[in-house]
Structures are given as C-alpha cells and as structure tokens.
Amino acid sequence: MSEFEPKVVAFFCNWCTYGAADLAGVSRLDYPPNFRVVRLPCTGRLNPKFIMEAFKRGADGVWVSGCHPGDCHYIAGNYYARRKFILLHTLLESIGVDPNRLRFSWISSAEANKFQAMARDVIEHVKACGPNLTFRKAELQLDLPEVA
Amino acid sequence: MPEYLVKENALADFFRELTQDRRLLTPQGQGENCRLEETDPSKVSLEYTNTHKSPKECFFPQTEKLLAFSKEADKPHPNEYRDLGDKAVATVIFGLRPCDARGLCVADKVFQNDRFTDPYWKGKYEKTLKIGLACLNPSPQCFCAAMGGSPFGEAGLDVLAYPRDKGLGLKTLTEAGEALIKTTKAEPGDLKSEIADLEKKAIEAQGPIDHFVAINERKIMELYKAPHWPTTAEPCLGCGVCTFFCPTCHCFDIQDEANERGGIRMRNWDTCMSALFTQHGSGHNPRPSKTERIRQRFMHKLKYIPIKQDGVRGCTGCGRCVVMCPANIDIRSVAALMAQTQAS
Amino acid sequence: MSNLDTLTQKIREKAKSLLEGGQADVVIGYRTGTVPLMAAPFFARTPQDCDQLVWSSFARLNLANYLPGRTEKVALVAKGCDARNAVGQVAENQYPKDKLFILGVPCSGQVDAAKVAAKEPRPIQTSEETDDSIKLTGPGYSTDLKKEDVLRRNCLTCAHRTPTLANELVGPEVPSLPTDDFSDLTALLAKSSEERLTYFKDLIKDCLRCYACRNACPLCYCPVCFVDETRPQWLGKSTDPMDTMTFHLLRGLHCAGRCTACGACETACPVNIKVREFNRVLDKTVKENWSYEPGLAWDQKPPLTVYQPNDPADFIK
C-alpha cells in the first residue's frame, strides 16, 4: 500500500509567507508538494468560511501563514487575524477536529528555511492524522441506474 | 363503505396482516420526538397527540434527489442528467391525524393536477395506503373544525380508524382501503351512529368555532389591501418554522451540486418567509419586506388555495405553526383580522 | 398584588407617558400570547395599546432584535440580556443611542417550554403564573410547577438579571446569579476528539436549517447572511450534515464575544437544539483571554474589532 499523501490547503499572505515559499524555491530548498496555495493580501483577509470550505470539500489539513506580529504590510491586519485564529482554533479543536489538521504560523519573506521546516512539519502532522473522513462533506451519491 | 371492528387482543395480528406486502409507518415517540417511523406490527401506539413534523416529508422530503449525471466517459450517457428511477416502496401509514391527511390532499392537488404531474410525489403517493386515527380528544391548540375539517375528517384517507375499547373501530373510505381491510380479520360491525356521536363530541371539545366565513366573501384585493398587514408582520422573525412544519406548504428550490466525478440535481424545501425566496437574478425583489411575505403566506393559505381548490383551505388547523412560531403569530388571529376586513 | 402584576402596571404607566410625552414613537414589549407559556412581542404605538403590555416569565425572545434598521424612537421593554444587546447594537452602530429608551425590567428568569413539556407531557390548555409557580390546566387536570424547576438553562447562570444600563428600571433590582462557569463544557472538552465530534454532530442532527436561531438573534443583522450568499454559494441548501455544521460553527464565530446568552436562539429552535453550545465554547475562550463581557458600556468595542500586541497565541508557530 502506498503511503497516504494528504491534501492541504494553504492560505499565505502575499507579503511574507508567499515570498518565503518563493525564496525557498529559488534557493532549491525542497519541501513536500502536498499543499495547494491560496494567496491572500493579508491574513486579515482570511474569513473563517474559507477554512470551513476547504474542510468541507475534503482537505486533510489547512495551513494559514502570515507576517510576524508587528510586520504587517497594512500595520495591524495580522493582529486582528490573530484574534480570529484564537477563536477559530479553539472552536474547531473543541468540537473534535484534530488540532494537527490546522496550522497557523508566522513566516517572513526572508525565512525560507523556516518555511521549508514548517512545510515538512505541517505535512508530517497531517499525515499522522490520516485522511479526513469525518469533517468533510460526504461524497456525492449519484445513484445512477446501472443500465440506462 | 362499511365499518369494521378490531378487538384489543386482535390488534397485533391486525397490524401484521396489514403489512403482509408493504412496510408500516406509524407515529412513534412522544411530544417533540413523535415522528412517523417504520414500525414493528407489535409496537403500534395509539397514545400520541400528533407527529412533531407533518407527514408531508414521507412524500416530499426536505431534500430529494431528482436527477444525476456522471462524468465518467465509460459509463452510459456521460455528462447527461438522468432520471434516477422510481424507488418508492409499497407502504401503509397508520395513525395519520385527519388534519394532516387533509393537508396531504391539498399538497397532492399541487403535485398532481390536470396541468402537471410530479413523478416524485406521485410514485410515493400512489404506493401508500393511508389509515387515519381520529381524534377523540383534540389538543387545545387544534382548530380543524374552524378550517372546515373535523377530528373525524375523511379527506385523503383510505381508512379512518378510532380507538374503541382498547381496540379499533374502522371505517373504510376507498376501494383500496376496503380491499386492504378485507385482507385482515377485522370483523364487520355497524358503527355509523357511534362515529357520528364521537365526532360531535370531538368537535364540541374545540369550543365555540369561528369559521372565518367572511374571508371567503371578501375579494382578493380587499384582503390584500387590508391595513393590518404591517402590524401583523411586525413581530415576524422571518424564520421558516411555520412553513417547514406546515402539512400543506409545498414550495421547493431546485439546486445542483457537482464535483469532478459528476453531479446531482435535488430539490429542497424552501420558505416564502425568506427574502431569498423571491429574489430575482436582477436583484429586484417583489416581496422586499416581511409585510409582503407574511401577507403572501396567509393569503395563500386562506384565499388563493381555496380559490384554486374549490373552497378547500390551505390551512387544516393542525396547530403546528401556532405552537411553534417563536413570535406567536397565530393564524387564527390573522384569519380573524382578515375576516374583519371591510368590503370596498 | 404579585410582583409580576406590579411590573406589568409600571410598564404600562411608563409606556403611556413615554408615548404621550413624545419620548418614544413605539414601545416594544410583550403582550399575552395566544397559546400557553407564551408572551408575544408587541408594538405599542398609542396609549390605548399600552394596556395590552404585560410582563411574564414567558418573555423569552430578545426584543433588541427589533432595533436595527428602525427609524422611529423606540422604548424597549428589556430584560437584563435584552438591554445588554440593545447597548451592543448602539456600540455597533445599528441603532442611535439618542433614539433609544431602555425600560429595564429586573428579570427573575424565563421559563423553558421544553422543560415544562418534559414535566407535564399532557396537552396544556392554559398557563397562569404567580411569582414563583406556574399553574397549568389541560383536559381533565390541573397542576402546579415551581418556576425555579423549569427556568431556561441560560437564566440559571445569569450575572446581569437587572439591566445594567437602563434609562429607567420598572422594579427593584433582582440579585444576580453566579455567572456561567462552563463546568459542563470543561467535562465535555476533557473527552477524546472523536467523542466531542460525535457529540457536536449529534447535537445538530435534527437541524432543519430554518434559521430561526439566526433570525431570533439580535446579533444577526447582516443584510445578507453568509448562508444566503449565492456568488459564491458557501453553503449547500440540502440537509447535508457538514453544511449544517458549517452553518452552526460560523454562526457561533460571528457572535463570538458579542453573545449575551439571552437564549433567544434556543427558544426559537423548533427542534430544541442546544445551539448555544457553540457560542459557549467561544464565550469561554473570549472570557479567558480578554475577560470581555458584552453590553456593559455604550462605547465598548467587540473583542474581534480590537487587538492587543501581546494577545495570547502560543499555538501560532
């Protein structure tokens, strides 16, 4: 049996983590290919419904990453985002979503090495959780008649 | 059509005989938990007020898949919506209250009439025999008689049953119902006068009855332009509780859901209490506020449906919306206001 | 005269004088409902209307819900929670403070109809209340219930039973109760994640998505709710359990830190879902992190609209 390869939806701030991913790429730092990146102008733009939509559609994990506190391109977007994360993180964990499926991090655009390490760590944790079978929308049952 | 008796010690056998070649649905549980469920013939209960939700969901579930398509090229008809076939199974429902049976009749005329036939409703409706259980002691929030029904109402039923000496009295109402009872060992008996007496008592138990006849006499526009609508609507929260629990409400919304493998088309209950119900693609909404929406609901129940269905009202007096409306908008009070409307 | 009658009397007198004096165009309060255990929201616009206003233990909705978007001057008959929500709406610019008159009613708790039904399953014809009991009658019976046995669970942990920022109180202050210590949640959160997920999935399995909880909530005043958005459509319209779960989670998040635990959502739910369970998880977090309680000051900022440079976030790596 081949090893489980998770799908992780990653929401990266344009001004930092997205750049870190870029820098990691040009620096030839290899990291797992299991995540699909959605670029945000700021983590302040992250609406909790984006995360729910990712899980609903079957993502095995979600990773949100933005600028370090104090570094926001828009002065305070990540400070507001942080409060949202605190609630979202607690809510999802409380209702029984494995906290290893949801990761928040601060990575500046210069931190290619941190990005590489974090990417590996995220995927490793999600792998340990196994496929997301319980916190997603059920597969569509087409129930088409066998003979048409 | 004749009457029959089932004695207490023959009840379990009676229900077993009913279900020889069909499943049996009866109300199970009490209060908020009372619902129609597939029932073992030995576990039928006669002790319940009514199901929490109306029985329309047996024929018109909240979510119903209509069509599906597959994108897989090696399957027949890829990328084409296909009918899913009629999966209705032969059923007998025992224990429908007459108000709800009458509600099904109203909805049936919407789903099956000389202009349209809804195959999804029809398949289930035609394969179901309906045995009602008359109400000897109507609940305090019941008002079927005011809406033209009766605790012993027969509309929409194949057989009307009522509790009798811990057994049952039965009156068959259709040929299918008669044929069904003939397959059991129910004994023939003459119950006509007993039923008439019990019905009279049950109606009297609903207290003095206002039939709101003036609503029938007023013209549509007189009722429509009546000044009370804004105040009637003011407490409304705009939730869909009244419509979701109503035995005659039948509006639905068609939705598609698809992914990379294929897709389905389904219909879901919708509610005229929601602004989205009439929202046009252009952004225009012909019922922009809750005043218009509330007016629509009550006009539909008490005026439009009677016009289309030979005087039969779209409210059967089951009392669910009265009890469940969080803001206590009581259709009896609204009907009274409509009945007081002045002729122009 | 019972305390309830006195309150009713005071509400009527004050409502009349506010309308007559032009301080209010409408008094939003309650009148006797048409079914037992029910007080119906009522909008009194003339002094004669005011004679229909009543106070009871069946005033379960939150009348602050009727404020947003209104242009008239409103006098709001408000329990502790309603008053806090009205203050919250002023803070969130949903209603102007200078048009609002809070007619505060010290509240001894509201009756939970489901708890009554559990104690008295027979059909109920009438309900009459005294200060501490409810007399129920039905076909062939009459019974008395102690009010304290059938209060809503949010009323049992109400720390602000007397409205905190009312323009006027119609009765003497009621001693407040020890606030919600979330002890039941602590026990729940100690369980395994599988057990918790099962618990929360079971909690909402009967949800019809009628949105009565949302519509009864004074915090839910968005012109278009995310569940009704169509471009894109965030939520499927079927009764899919994950769509339903998404609704409840996001509804909870939107109310986080703003919820006064008024219980209107649970009152409105036709299938008795404990919808506030989601809010409580969040309230607990808000309280622990920012010791914030909504509706206690006119200029209070909801916790998600402000930040501290040192907000606790050890989980962010």
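All chains are identified by letter, namely A, B and C, in their written order; residue positions are counted from 1 within each chain.
Going forward, contacts are C-beta pairs under 8 Å (C-beta built on N, C-alpha and C of every residue); 3 or more make two chains touch, one makes a residue touch a chain.
Worth saying up front: this structure is predicted, and the values here are computed from it rather than measured.
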Farthest-lying chain, centroid of Cα atoms versus that of subunit A: B
Pair sharing more residue contacts (C-beta pairs) when A-B is set against A-C: A-C
Central subunit by CA centre of mass proxy: C
Gap in Å, rounded to a whole number, between the CA centres of subunit C and subunit B: 32
Subunit A-subunit B separation of Cα centroids, rounded to whole Å: 47
Whole-Å gap separating subunit A and subunit C, where each centre is the average of the chain's CA atoms: 36
For subunit C, residues contacting two or more additional chains: 236, 240
Sequence positions of subunit B contacting 2 or more other chains: 257
Set of subunit A residues in contact with two or more other chains: none
Subunit A-facing residues of subunit B, complex: 65, 68-70, 75-77, 82, 84-85, 257-259, 261-264
List of subunit C residues in touch with subunit B within their complex: 33-36, 38-43, 61, 65-66, 114, 117, 121, 123-125, 138-139, 208, 210-212, 214-216, 228, 236-240, 264, 267-268, 270-272
Sites on subunit A touched by subunit B in the complex: 140-145, 147-148
Subunit A partner contacts - residues on subunit C that touch it in the complex: 189, 193-200, 226, 234, 236, 240-243, 246, 249-250, 252-253, 256-257, 278, 281-282, 285-286, 289, 303-305, 307, 309, 311-313, 315-317
Residues of subunit B touching subunit C in the complex: 30-32, 49, 52, 62-63, 137, 139-141, 205, 231, 234-235, 237-241, 244-245, 253, 255, 257, 266, 268, 271, 274-276, 322-324, 326-330, 332-333
